Structures are given as C-alpha cells and as structure tokens.
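Each structure below appears as structure tokens.
Shared between the two complexes below is chain A, which pairs with chain B and chain C, respectively.
Let's turn to the complex of A and B:
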C-alpha cells in the first residue's frame, strides 16, 4: 500500500521539504564485501550502438507526416512596446498555414505571465510572432513580411550599468533585488581584528550553454491527445508546463524524449517553442515542429549569469577568520537567481561570515540553470580569494584550506554530513599533481618567457538526490527484462548505470536488459539536473529489481517444487543446489505472463546533509608576452560515494573539466550596450573548446567509498561537481606562475596581460 | 547543365545506392539527406559551417553537408553515418567509439566518426595528433574529446 512520508532534499543548493508517496520498505545497503556482478564495473554504454550508427532518434530527427514548420519572429530591440502587428502579407504567402502573435494568440500561462507574446518585449530575441508553414523556407520568408510597429523604450543590458542610479528601472521595485543572505558570527569585527585582509572584486562573464541539439519540440494533436517530442531534461516538467499553458489534463498530454543532444541545465521544462508548436497543432490539426536555430539558441535559450562579486576575507594565526561576500548576478529577464554565495556559506568551517546575493534584471535573455548554477561563478571568486589571502599570509594555500575543510558538519545548517572525504581528495590530488614541486612565485617554463605554476581549488555540491522517483521492472516469459522509468539520459549514461543496477540486483546479464525512459506514460522520474539522477533513480531501480526477483523466486519455487529459500537468481538462471535453470525455461512452464516489480525512492535521513566534495589541481604555463595560458595538467579528485560505472564516471569528469575550461579561458557572450544585441550568437565567435584546447593530461580519481548513510546503494551524483573548481584552480595556477592575479573569468589573453602589467608595476 | 530557378532533379549515389532527388537548387545536401532521404543520423547543429556535426563524405572527402548544395553533388558518391556499417558489422571506428566511451549525448558523434573514417582511408595508422587534426572542425559540447582521440588511434590499430 502506498503511504505518505515527509521528505527533505537538497536541489542545486536549496533545501526542499515535501510529502511523497512511497511503498514498502527501503532496502539496507549491500553488506560490506558484497561481490557485485555489475555495480562498480566499467561497462560500455547500453545505447552505444544506437548512438554511433545514427539510429538514435533525437527530437530534431522527428519528422511526422503532414508536419508544419514554425519559425519565430523575435524582437530586434532590447525593450519596446508592440503597438501593432500586420500579418496580411505573410498570410497571403503560399504555404503559410497560421500566424500567432499577441493580438490573436489564445492565453497561455507561462512562467507567471498570462501570455507567451508580451506587449512589452524585453530583450533582443523576445518572441513577437510565430509562423507555421509547409516548409521551413516558407516560414522564414513569411517572417520578413510581418510588419511590426514598435515603440522603443529605454533599456539597459550591462550588469554594472543596471545597478547604477542612471539606469532605467525595469521593474517597479528597481533592477536590483536581494535574493539570499547568510550570517554567522561577526564578520565585520573579525575583519577588523584580522592580521591580513584581502579586499577584492571578481567578475565572471555570461556563458552560453550551446547544447549541440538546440531547444525544440514537435507537437501532434490528434483531437484527443497531445503528443510532444521534446529535447528535455524533464519530460514531466514539460507536461506540467503544457498543462498550465493549455489547460489540458495530464491524461491528454504525453511527452517523449528518447535521445537528447545536451542540455546542461537549460532544458528543464516547457519552453515557449513547446507551447507555440502545441497551439498551432491544436488549431491546425497537423503535427508542428518548432526547433530553434543556433542563433536563437544563443539569444533566447538561457545562459549562465554574469556576476560581480566583492570579497573581504581576513586571516589570523594561520587561519581564515572572516569572509564578507556580496554578489550581483545579471539574470536578464529571468525570475530567479543562481546563488554564487552557496559555496562561500557551506564549503569551509569559518566562524564569521556574512554573505548577500542580489538579482539584477536587465534587457538581456534570461538565465537558465547551467551545470552547477551559481556554484561555478561563486567558487571562482571564493577560491581565488582564499589563495590571495594565503599569499598575503605567506602560508601554503592547501595547508590553509585543510584547516577549514575537515569539519564533519555543514557549517550553515549545523547538520552532520552523511559522509565526507574532502581531506582525502586533497591528499590524492596533491600527490598526483606533485604539489611539493610548487614554489611561491612559480618556476621557469619551457622557454624564458614562459612561466609555470600550480594551483588548486575545492568544490562542494549536492547530488544526494531523493524522492519522488519510481521504476518498474518487467520480466518477460523468455527471461528478458525491461526497466521502465520516467527519467532521461542527457548524455550522462543514465540508461547504462540503471541497467547495471537492475541487472546486478536481479541477477541477470546486462544484455538481457532493455531500458525504456523519457516518456510521461512511465512512472515518475525527476528532472535530470542537480546531479540527482543516479542517486534518485538508482535506489528505486534496485527496489523494483528486488521486488521482481522475489516474485521470480516464488514462481521458480512452484515450477521446480523446491523451497524458495533454497533458490538463487544468478546470471539469468535459477540456481538450486548447483543446478542452473535459465529464467526463460522456468517462466515458459507457466502460461504467458509478465512479472512486474515496482520500486520507489525512499526519503533521505532529514538530520543529515548529503553533499559531494572534490578538488581540482591545475598545472599551467603562461606566455608572458602574449598572455596565453596553456593548461598542461588537470587533476580532478571527487568524493561522490560509490562509483557505479568507472568508465562513464570518468567521462563525466573529463567533460566537466573541458566545459569548465571554456568558462575559464574562452567562453564569453558579448552584448552590445547600445543595441542590446548579442554580437557572437554563433559557434564561430562564441568560443567553445575544441579538441585542440584539451590539456595534455587530465587525471581523474575517485575516493570511491559508499556513502553508507545516503541511500540503499551509497551513491551520489557527479554531473556538476567537475565543472565547479576548474576555473579557480587555473586562476590560482596562473597567479602562482606569474604573480598576476586575474580576477575576471574567462582569463583571456587581454586580461592576463593587463594583470601582468599590474603585477609588474607593483613589484 | 543549367539549373533552376525551380526545383530540379539531382542524381546522387548515397551509401552505395543510386537515388534521384527533386528539390530547389538552393537546398543543402544536409537538408536533402535529412528531410528528403530520411537519413537523420547526420545532424544539424549550426547550419553555417562552424561545428562539423553534419560531416559526410563526398567522393571520400569529408565535407560539411550544410555548406554543400545537393545540386553540386550530381553524380557524386555520398557516404553518411548510416552507410559505414557493412553486413551488420559496425565499422571499426564505430566499434572504437563504443569501446572508448567516445561520446556522451551523441549529437556530434556521427560527424566525428565520419571525419575519422575519412582520415583512416588516407592514413591507416594515425597518431593522436593526426586524429586531433582530423576532428579539429568537429565540436563536442560534452567534452568527449580525450576519448574521441583514443578511439581514433585504436580504430587505426584494429583495422
């Protein structure tokens, strides 16, 4: 019988309390010394063949008979009132089937607004109208024929300009709103009493996700049911968004996402494109496709906020005694802020702390969660500031961190961690990079004008996961197994690790397994974000597999006329006193049937704080003539509980490091202040790392100890941790190599040269 | 032959089969493959020649199919990701990608694989640097590059 229980989980730095439905009892952790058949073993991805043959079907690959193509007319102005729209010429173009805009579109609630086409457009790229046509080229031509009368309004796109007094006020309360504060001890007094104080301002630029598959949806209304294929990290979130916008019951909406080409946080729910495609499909009775172009992806599909962060950090007697951290983030037209003060509040055991986080609205595209939102930006500042303090105090920066990194308690909530091996991460990382080679002031590099240095930085993140998450395991009469869950595989290897957990618990071979995910007709699965997927889904899958196994053993006991207690399920066969009978043979003895096991994720211990920890070490060379940074070696060490698949885990870390390398060195959206336009809304001028930017060496290490108090598998998440500390580790290595402190990410050559000039002037 | 401005027939060989497609002269090879021939393994990511996801082989040479017009391929042989496995056996590069875990979301994978397939025909035993050069025009946002390079080198060794 399902029952309601209280649950308390962390998600992307926030704590959520809720009631959830669970069934049955949770399983205990596998006993120490358990010999796993699948868990902890490197396995090839179960969907590898589909992905390398081009057969994997992504949203972009869905072409339905009679399908119409949508293109969206977007505001060319950062702020304007749409006074009049004339679509007569567009509608006359042969092949145009429909036009939607604010004067004719049905009301469709979206993120707190009543309509998807605003009267006041608020960034370059804001939706003004949409055309559905027989083919894409016709839709593009029709957009040019739409005449819009705009009344231009004063705008501001730049973070620091928006904070100032001269900026136009975009919200009635002004542009700046306090989003989060935290205080413990007395930071002001401790800073006054400190022997050393660093007072520094850090900046991070806007990073754009640029998932290779752009945001998009294909909607098909058949008069009874709306089927939406969408590139998403959360099919159930899309269903919720469509229900709110279209006022349809859940039973009439089905959202599908078989394969998806990257999201990195930006594909968390329905977009305006999903609603536009659905509205057209319901009006016109034909399938409708609305897939964004690369330019639209850059201007209207989310980004990581630019930040301005002020730090005052004080030290005394070899310890950090106080931190004051104030952050402002440019959220564009977003309604929330990814909080950069999260790591400051929780990473180190520091007695006196005061932090404030402000949300700043501007006439730029909205932020969207981007792989460890807030934490990437905040950790760059925090971990740079800690190094600057260590330098001033004349102490080793790793030694200084060790004094504050060992606490078993979350300094913000006071709760004990379920597990923590951060000092072990430091030990492994220092040995791998050769920390003892680090010299204050760096060393000579491979040429006289090249300096070499080593730096490091720490990461804290959630990733404990929690309910609600459900799975079912179907066992067919031939002994094959289908695991069904409402989760998604966004490239992390979800299908593979869940298949491993299921096969392991059930006692079947991995190749007997099929995993079906990405469908709202499946049991509910959480958003594939916040590094929660494996830790939320895995324990539910294990329970479902155990449930199926118990039923299978019961069936086998009947067929073999042997007591259930004498039977085991191993390698797809029932084992009884040394005799093996394949599962299919047992089940074929009874009439057609499907054995169905069910599992639910049980809540976390509310008195514990589930966190992941890690440290990255970087060795770099800096060309002091050109400002070019060459990252020679990154060592990434993570404490994320038990590793389910070492191969896919390693790939996750390498990927996180490389995406962080973009944030650290090259990725930066340029907005023109005068026109509000993104000047590099493409993959040519927005610099995503290429194969040539990969460091010569990336060393990946895991503590790999089950977090015994986290869940029934002792596992935690890994998607986000490896993107968090890389930029700070590189900035600290650059400072070690050259004495130049670059306080603005990305550390472009211009910024490095400028910092070198400042450092040179000082010495 | 003078073509256009209206739709025109173009004869191509795609994955060894002769096909005649009918379309506007401005239609790209990429759209022709994906929409006319339903070969959706080749991906559209930028549609302006900056990412390499749409890489296919034209007469054995890797090209960005978004920057190539279908009419310009009259009489030429096109190979796509769907055509490189033979008799139900994966191409060595495909196998190497699976073995080296050389993809995450998989969206750039067809383009990466086609670039390396072309490389191996010129150079059966490529070094890491050779592979890097071959896929320098193929972006991967998940950061699978280290494993892509490993896959390219090992595919050379196993051929």
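Let's turn to the complex of A and C:
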C-alpha cells in the first residue's frame, strides 16, 4: 500500500523537506561479498550504437508533418519599455502564420510572472515577440519587419558596478540582496589572534553552458492532447511548467525527451520557447518547432554567475583558525542565487567561521544552475585561499587540509556523514600525482622558460538523491524485460546504469533489457540535476526488479511444481537443483502474460548528512614569459560510494575535468557595459577547450566503497563533483610553479602575465 | 541571409565581367558565408570562382620565384613538403590557423581578403565606425583583442596567420579586373581604416586577386612563425610574429619581422629590421628591435598584455633564427 512519509533531502547544497509517497518496503544493502553480475562492471552504453550511428533521436531531430518554425524577436536593449509593436508588415509576408507579443499573447504564467512577453524588457535577448512561419528563413525575415517602439531605461550589467551607489536601482529594494549567511565561533576574534592572515579578493567570470544541443521544443496539439518534445533534464518539470502556463490538466500534456545533447543544469524545466511553441500549436493546430540558435543559447538560456569573493583566512600553530567569506554573484535577471559560500561552510572542520552570500541583479541574462552552481565558484576562492595561507605559514597545503578534512561530522549541521573517505582520496591522489615531487617555488619545466608546478583542491557536494522516484519492470513472456521510468538520460549513461541495476537484481542478461525513459506517461522521475539521478532512481529500480523477480519465481514454482524457495533466477534462467530452464520457456507455458514489478525510492536517514567527497591534483607547466599554461596531468579521486559502471563513471569525471578546464583557463562571457550586448555569443570568441587543450593525462580513481547508510545500493552521484575542484587545483599548481597567484578565473594570458609581473617584482 | 543569385563560371573573363557588374566573389566561403549569415554582407549576386581553371596550385621556377594561385586551398600549402622546404614559415603559420576544416575550404586569396574579427564589427546590431557609424565601440569597451598600435578611428587587428608569413618573403600579388592586371606588394593591400577609408583592403571594385608571387631572393631567408592564442587551437592570434633573415657567418642579413594581432594592418617597422642587420640577433638587439616595433604603442584598458607578449614573441622568433 502506498503511504505518505516525510523526506528530508539535500539538493544542490540546500536542504528540502517534503511529503512523499512510497510503497512497499526498502531492501537491505546487498550483503558484503555479494557477487554482482552487472553492478560494478564496465559496460558499453546500451544506446551507444544508436548514438554513434545517428539513429538516436534528439529534440532537434524532430520534424513533424506540417510543422511550423518559430523565431523569437529579442530585445536589442538591456532595459527598455515596450510601448508599441507593429506587426502588420511581418504578418503580410507570405508564409507567416502567426505573431505573438505582449499585446496579443494569451496570459501564460512563467517563473512568477503573468506573461512571457514583458512590458519592461530587462536584458539584451529578452523575448519581445515570436513569429511562426512555414520555414525558418521566412520566420527570420519576418522578425526584421516587426517594428517595436522602445522607451530606453537606465541599465547596469556589470557586477561591481551594480553593487556601487552610482548604479540604477533595478529592484525597489536595490540591486543587492542577502541570500545566505552562516556563523560559527568567533571569526573576527580568531583572525585577530591568528599568526598568519591572508586577505584576498577572488573573482570568477560568467561561464556559459554551451550545451551541444541548444534549448528547444517541438509542440504538437491535436485538439485533445499536447505532445511536447523537449531537450530537458526534467520531463516532469516541463509538464509542470506547461500546466502552469497553459492551464491544461496533466492528463492532456505529454512531454518526451528520448535523447538530449547536454543541459548542465540549464534545462531544468519549461522555457519560454516551450510555451511559445505550445501556444502557437494550440492556436494554429499544427506542430510547432522553437529551437534556439547558438547565439540565443549564449545570451538567453542561462549562465554561471560571475562572482566577487572576499576572503580572510587565518592560521595559527599549523592549523586554520578562522575564515570570513563574503560573496556577491551577478544573477542577471535570475530570481535566485547559487551559494558560493557552501563549500566554505561545510568542507573543513574550522571552528570560527562567518560567511555571507549576496545576490546582485543586473540587466544581463539570468543565471541558470550550472553543474555544481556556486560550488565551482566558491571552491575556486576557498581552495586558492587555503593554499595562499599554507604558503604564508610555510606548511604543505595538503598537510594543512588533512588537519581539517577528517571529521566524520558536517561542521555546519553537526550531523554525522553517512560515510566519508576524503583522507583516502588525498592519499590516492597524492600518490598518483607524485606529490612528494612538489617543491615550494616549483620545479624545472621542459625548457628554461617553463616552470612546472603541482597543486590540488578538494570538493564537497551532495548527490545522495532521494524520493520521489519510481520504476516499473515489465517481463515479457519470452523473458525479455522492459524497464520503464520517468527519468531521462541527459548524456550521462542513465539508460545503461539503470539497465545494469535492473538486470543484476532480476538475474537476466543486459541484452534482455530495454529501458524506456524520457516520457511523462511513465512513473515519476526526478530532475536529472544535483547529481541525484543514479542515487534516486537506482534503488527504486532495484526494488522494482526484486518485485518482478519474486513474481517470476512464484510463476516458475507453479510451472515447475517446485517450491519457490528452491528456485533462483540467474542469467535469464530459472535454476533449480542445478537444472537451468530459460525464463522464456517457463513463461511460454502460461497464456500471454505480463509480470509487472514496481519500486519506489525510500527516504534517506534524516539524521545523517549524505555527501560526496573528492580531490583533484593538477600538474601544470607555465611559460613564464608568455603566460601560457599547459595542464599536463589531472588526477581526480572521488568518494561517491559504490561505482555501478566504471566506464560511464570515468567518462563523467573526464567530462567534468574538461568543462572545468574551460572555466579555469579560457571560458568567459564578455558583456559590453555601454550597450549590454554579449560580445562573444558564439563559439569563436567564447572559448571552450579544444582537443589540443585536453591534458596529456587524466587519471581517474574511485574509493569505490558502498556508502552503507546511503540507500539500498550504497551509491551516490557523480555528475557535478568532477567540475568542482579542478580550477582551484590548476590555479594552485600555477602558483606553485611560478609564485604568481591568479585570483581571477579564467586564468587568461592577461591575468597570468599580470600576476607574473607582480611575482617578479616581489622576488 | 538575403536572397541572391549565384553563378559558377568556368572562364576567368566571365567571372570578371560579373564582378564588374557588382557580383561578389565567393571562393571557400569561410568568411563570406559567415558575414552573410550575420547580415554583415548582403550581396545581390555571388560569383563562385571555384570552377575557374588555372587559379589553383603553386609552382616554383628556380631562379624566377614562386607563384601561388589565389584559389589554392590553404591545406594544400600546409601539407606540401616541397613547399615547406622552400617556404617553411608558411607551413608553420598555417598549422596554427583555424581548423583543418576551415583550412580545407579556405583559399589563399580569401585569406588575404578576410575581414577583421572585431566583435563590435561582427555584431549586426552594432553600427560601429567601420560600418558607417559615428564611433568605435571597442576603444572604450571590451578591447582585449584589439590593436595596441597603428590604429586610427578603428582599433581592429589584422587577423591572418598566412599574411605575416608571406610578407616575410616579400610577397607580391596580381590583381585582375576586366580592365587588365596590376601588381602590387602584398603589404600595400592592407589599409588601416582612417578618415574616409572605412575599409581594410585596397582592392578596387571588380578586382580579383589571381596570384601571389614571391621573389627568388626572399626564399633564401630562414624563418619562423610564432603565435599566442587563448587556447591551444582554433583561435585568432592574440599576437603573432613571422621573422625571417639570412644568417651569414653568424650575423643576420635581410631581416624581416612582421606581426599579426597588434595593429589594423600586418605590423612592420623598417627601422627595427634595419637595426637588426649585421647583428648576431643577441638578446640586446632583439630587445632593441622590439622597442622599435612597439614604439608609440598605446594599449587600451584590456590589451596591455599584448605588449609583453609581442616583446617576448619577437625575441623568441629572432633568437630561433640563430639557434
């Protein structure tokens, strides 16, 4: 019987309490020494062939008969009032089927606002109007024919300008709002009493997601039912957003996401493009496609906030005694803010701490969650500051961290961790990188003008997952199995990993498995974000598989006329006293049938704090005359519980390291302050790493011990952890190599050369 | 992109006739198509040159210099071992240029005539001075990639990797129109936009670059090309330098130093080259040459680092000639 229970889950650094529906009983952890047939084994992706042959259908591949194309007119001004829109010329253009804007669009609530076309547009790229036409080219031409009368308003786009007194106030309460604060002990006093204090300001620039597949949706209204194909991390979130905007019941909305080309946090729910496509489809009775261009993707689909962070960190007698950390983040027109002080508050056991996080609004595109939002920015500052303190104290930075990293308790909440092996990560990582080679002042590089250095940084993140998450397992009469769930595979390998968990528990071969996900007609699945997917879905899948298995064994007992207790299901066959009968053979003796197993994710232990830990080590070479950084080796060690598939886990870490490499060295959005325009909304001047930038060596290691108190599989998430500590590890390695401390990510030539000049002047 | 007519003639004369009538030349399209997509070029008609015989490939008649057809794909120059022996700087410059896809499509002539990469210029919504507007937005805007020297009303930089390499060999070009052919020094093709000259090239309407010629004497120089980028591939130069000289008994003769990414045109200072004549390209001479090259540099808010980079690349490139 389903029942309602209280659940308390961590998500992206915040704690959420809710009531959730669960059913049945949770399973115990597999006994120590259990031989798994699938879990823990490297498996190729079950959908790998579909992907590499181009058969996999992404939202951008969806072309429906009679489909119309939408293009969006976006504000060219950072702040303006839309006084009048004249669409007559656009409407007369042959092939144009509809135009929507604030004077004619039906009300459609979106993120707390009543309409998707604002009266006051607030950033360059804000939606002003949309055109649906027979083809894309016509829609583009029609946009040029729309005349808009804008009343320009004062604007500010830069973080530090927006904080200042001279900036226009964008909200009645001002541009700056306190978002989070934490205090323990007496940081002020401890800093006064410290023998060494580092007082430093760090900055991180705006990073843009640049998912390979841009945001987009194809909506098809058939008079009864709205079907929306969307590139999303949460089909159910899109359904919720559409219900709010369109006032349709859930039963009339179906959201599908078969394959998707990355989201990194920015595709958490319905976008304005989803609503625009749906409105047009419902008005015009034809399928409608609204897919963003690369430029739109980079100006209006979210970003990682730029931050300004002030640190005071004090040390005494070989320990860190206090931290004061204040962060300001440019959220653009976003309504929330990620918390860069999260890692400061929770990573190390430090007695005296005071932190504050401020949200700063500007006339720039909204932030969107971006792979460990806040934690990437915050860890860059925290772990740089810890290294700066260690240097000042004359102690080894890893030794200093070890003194504060071993605590079994969350220093913020006081709760015990469900499990923690951070010191083990340090030990493995130090051995892999050859930490004993590290010398204060760096070591010789491959040429006289090149210096080599080693640095490291730590990561803490959530990833424990939790309810609600459901799965069903259908077993066909031929012994093949269909796992159905409402989750989606955002590119991480969810299909593969869930198939492994299901096949393992059920006792069938992976080849017998089919995984159907990405559909809101399936049982609910959580957002694929916060590194929760495997840890939320996996335990539910295991229960569903167990449920099906018990039923199959019951059926087999009837067919074989053998007591159920004497039967096992193994490799797709019922095993009884050494005799193996294929499952299909047994089921074929019963009239057409479907065995259905059901599983629900059960809540976590509310008295424990579930966290993932890890450490990255970087070895770099720096050309001290040109400021060129070459990352030679990254060692990534993670403590995320049991590893389900070492191959997909490794690619998750490699991908995180590379995305972090961009954040660390080259990725940076540029906004023109005078016009509010993004100068590099393209892949030419927004520099994601190329294959030549990839470190010569990336070593990936896992502690790989089940977190016995986490869930029935002992697994935790890995999506975000590998992007968190890389930038700080690189910055620390650069400082080790050259004595130049770069306090602004990315570490561009200009910044490195400037820091080298400062370091040169000092020595 | 606007609608346009398209033709692909087989004869040069036919192409020239179309150009005279206002058609825009299309070769590899790696720049033009992008400009069209971004609404920065709106040609009514395109004349595709790729069907014309005789403008592709290169040849070297010993003693009479080297000739490169304007339609030669960049990749052909890059991958030719024979050319790399004759003009090693060209291969070096192309290895770091764009991507293999772009080098495969892009042609020599197109590379010489590519337009600048200033992000204000490339933004359709910004009417900058070069596009007929009243002011340059980069001078007091986002200018980390912009000129530190030699600029007037407009602070674009010369983007090509190939051009400094060709200039290090004193390259000349042939320009053909329906009225005939004229030759000029490649260096004279480039204009630092100023006053009424709101353009980057001195090409006249209806003209086509048909070939590049390198005098035999220049091929005696050894040389190198160095380029600093924001990442390790597929980036325009922050600063680049092509350096060449004949080294006779340990001293430098006939020195050339041409820099990209610094100024609106490929940056060359004759006095700097003269000062290097007869030196051993020792550190002091290199530093002196860098001083002369960068004399009068006026960095903007975000591009001061280019001065440091330029000095180091010049030193390194020149030192490598005697290494």
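The definition used in the following text is that the second predicted complex is superposed on the first by the 763 of 763 C-alpha atoms of A that agree within 3 Å, B and C clash if a C-alpha of one lies under 4 Å from a C-alpha of the other, contacts with A are read in each partner's own complex, and residues count from 1 in each chain.
The definition used in the following text is that a contact is a pair of C-beta atoms (placed from the backbone, for glycine too) under 8 Å apart; a residue touches a chain by one contact, two chains touch by 3 or more.
Please read these numbers as outputs of a predicted model, since none were measured by experiment.
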item: Overlay on chain A: chain C relative to chain B, clash or fit; value: fit
item: Contacts of A:112 with chain B and chain C, given as first, second, both or neither; value: neither
item: Contacts of A:211 with chain B and chain C, given as first, second, both or neither; value: first
item: Touching partner for A:679 - first (chain B), second (chain C), both, neither; value: second
item: Partner chain in contact with A:691 - chain B first, chain C second, else both or neither; value: both
item: Partner chain(s) touched by A:57 [first = chain B, second = chain C, both, neither]; value: first
item: Comparing the two partners chain B and chain C, which touches a greater set of residues in chain A; value: B
item: Partner chain(s) touched by A:647 [first = chain B, second = chain C, both, neither]; value: first
item: First (chain B), second (chain C), both or neither touched by A:656; value: first
item: Touched partner set for A:492, first chain B, second chain C, both or neither; value: first
item: Overlay on chain A, chain C to chain B nearest C-alpha distance, Å; value: 5
item: Residues on chain A lying within both footprints (that of chain B and that of chain C); value: 137, 684, 689-692
item: Interfacial residue positions of chain B with respect to chain A in the complex; value: 24, 34-35, 38-48, 50-51, 53, 80-82, 85, 90, 94, 97-99, 101, 103-110, 113, 132, 135-136, 138-149
item: Parts of chain A lying in touch with chain B, wherever the complex brings them together; value: 44-45, 48-49, 51-58, 60-61, 63, 137, 209-214, 259-262, 264, 293-294, 490-493, 647-648, 650-652, 654-659, 682-684, 688-692, 694, 698
item: Chain A residues within the chain C interface of the complex; value: 76, 137, 625-628, 630, 665-666, 670-675, 677, 679-680, 684-685, 687, 689-693, 748-750, 753-754, 757
item: Footprint of chain A on chain C - complex, ascending; value: 1, 117, 119-120, 123, 125-126, 137, 140-142, 144-145, 228, 230-235, 238, 302-305, 308-309, 312-313, 316
